[in-house]
């Protein structure tokens, strides 16, 4: 039981990492807690489902187009709307993203109805058997792709000019402006990248989870936990946080009831916030 | 000899490996104007923050009227009669000038409860700092000189026994500086307030202070009257470099003032 | 304490308006159908809740996204005391107030040291933790089944009228409290804390004490509203009384009306609930979407609320320190001639 739970936890934790990285990025760079992140994931999942249903496109292959669509969508939202309130108080920005979340959820409801959707892949039952452990191929693929995305993101942030500009803007808004960085454009790019990652995560979960318009909420809660545990601004932190969360969830159900788990989870979260807000790995980004 | 009002023993504050203030002993006597100078980064503002409780000490102790105040929260220290201005002014945005200053009257040492009394004290202070006509102006609309005087007014509204001034003259022109120097003297001589001043404007601080302490890299390197301090080789060296100090010493010059024909401001 | 701008002519007109309003409100339950009476009661309830949130969020600047925790605890305290301990409504009501108040002190000591997002989400986490705790104490709270409360006996019209006036009374009380708050020392301390907490401390304000006081005040009103809710609806369950969407609504209400103002939350509640009712009855499918759109539009175009758009009165603290993208006007709204 336990070893299988560990394997499952790690495999699924990689998706959490992908979700957490995008969420943590927006929080760290723009000090916005993007509650709509969950709905971006859902859009990705729905798009992946639609491409599969209409053209038989494998969800793994729909990742690039979905990421592109979400990048453009989020870039536009940030550039023309969110940039006006981005420097506002938490009251304003949090309420705003809540509004965005329910707006998008409603749109998904209209376009795809409230019925749960899911993708049945032809190879979904194939898997490896090692010892007593079962490793489904799909989950392994998800794991690999998620790690790949994390790695690409890490390189993007460290090695490309845009990535460096994002970092600069996050660390010193005024300073970045002074050296000629178009900070509001950077914000738009950041939001776009975050949404693209969310969209990719949506594609990744589409074959293994049922999709419904309100699935975004619980996912954002998890993203929040990962961001806190891993520390804002730390890709490695988000990765570790995601895997850890995946592990805790699967291993936890072996030992404790799910409702009690939630209680424990939130209590730990509050304690971390109070006593170690920089997370287990990160440095304090914003107050 | 006047009683000691404020004193520090072994006062230290580190940020990780950085020693912002290290092992500073000092005494401020009641009724005097005590200046603190030193190159940028010397730890002057940090020292003030340690006195008024904004920052906790890493080591050492600070006493006010023989009572240990290090470790108390800022509001407690304010209630005891110590108030302070900030180098980067910290007004209350969204409130008018009058409201900003009244906070000091309402919550400072005297905790005035009567509205009329608070208003009167506020008005009289605004007169002292020459801001009487600007009562209802939102603080965002004040210019730099007015903002500096607002900082001062807020601190005065608390009727402090000990007033800590952190670079009140930065950004002001020559006439405004003279005016503030005059105000500081009046507050000290006519109202009997003990004042600790941090300044970079040399002519100002040398002109008003009774005694001066010099900080460099967080440590005290000199203390004494303005004349004594400005002749100390260590001080000259800290501001202008060792070679300059040695050359001056060799040439046997005995000038007053920390600068040397290069204007009133100390470099750095 | 400090003289307010605005003169006697406003006062006379205002008093007349209030008198007419009071008359209308008093007569309403006898003139309208049960549906409208209940709707108005519901609007009063959200007005109280939003006003209470306004104390800690609008006045003090601490966006307590978990404020429903007090509502839920208030509701459950009353429900448990009335159904299990067979107590009357009045002792249950007081019990709810006590529980809410004590919780606010405990949570305040733990969480009020946090700022901004950390505080907002810390309170949310705490609220969720309490929700799950309550759901797990099945023996006491009925767990997922919820709790039923012994109802008030009487004809429907009488019951409706009772709760209408009870909620209206609570609203009047909280408005009086908040009105005093906008003028007294506590209010000034909170305003200062919100404007610049560090400076407030340096000027002699015991920020911890004042923040906790504000939150306790907010919690008391929120908790007793929960108590009334339990008695009124006669059935409660955890997901409803700890629903975070309620808090989001409350924030939107405060935004629409004007944060840190006295009547803002009431105006906002009336506007939002009216729109909600209209939309709900016609476009069920679009309900959430329209709410979302309203939220977005309000945040973009009216972050200081209606009150600041309409009156000349002193606009209290500026909520959104907005920076526009380069090439546009510099930050903030243009100031009027009187410099407000």
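Every chain is named by a letter (A, B and C) in the order it is written, and numbering of its residues begins at 1.
We take it that a residue touches a chain if its C-beta (ideal position, glycine included) is under 8 Å from a C-beta of that chain, and two chains touch if they have at least 3 such contacts.
Note that this is a predicted model, so its numbers are computed, not measured.
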item: Most heavily contacting chain pair (counted by C-beta pairs in contact); value: A-C
item: Innermost chain by mean C-alpha position; value: C
item: For chain B paired with chain C, centre-to-centre distance based on mean C-alpha positions, whole Å; value: 44
item: Separation of mean Cα positions, chain C and chain A [Å, integer]; value: 32
item: Inter-centroid spacing, chain B versus chain A (mean Cα positions, whole Å); value: 50
item: Residues of chain A whose C-beta touches two or more other chains; value: none
item: Chain C residues counted as touching two or more neighbouring chains; value: 321
item: Residue numbers on chain B that touch chain C, as the complex places them; value: 52-54, 73-76, 78-79, 83-84, 86, 90-96, 98-99, 102-104, 106-109, 111, 113, 115, 118-119, 136-138, 140-141, 154, 158
item: Interface residues, chain C side, partner chain A - complex; value: 57, 61, 63, 65, 110-111, 113-118, 120-122, 125-126, 128-129, 132-133, 135-136, 248, 251-252, 255, 259, 285-296, 299-300, 303, 319-326
item: Interfacial residue positions of chain C with respect to chain B in the complex; value: 1-3, 5, 185, 188-189, 191-192, 195-196, 198-207, 315-318, 321, 332, 335, 338-340
item: Residues of chain A touching chain C in the complex; value: 27, 31, 33, 81, 83-92, 94-96, 98-107, 109-110, 182, 184, 224, 259-260, 262-263, 266-267, 269-270, 273-274, 277, 286-287
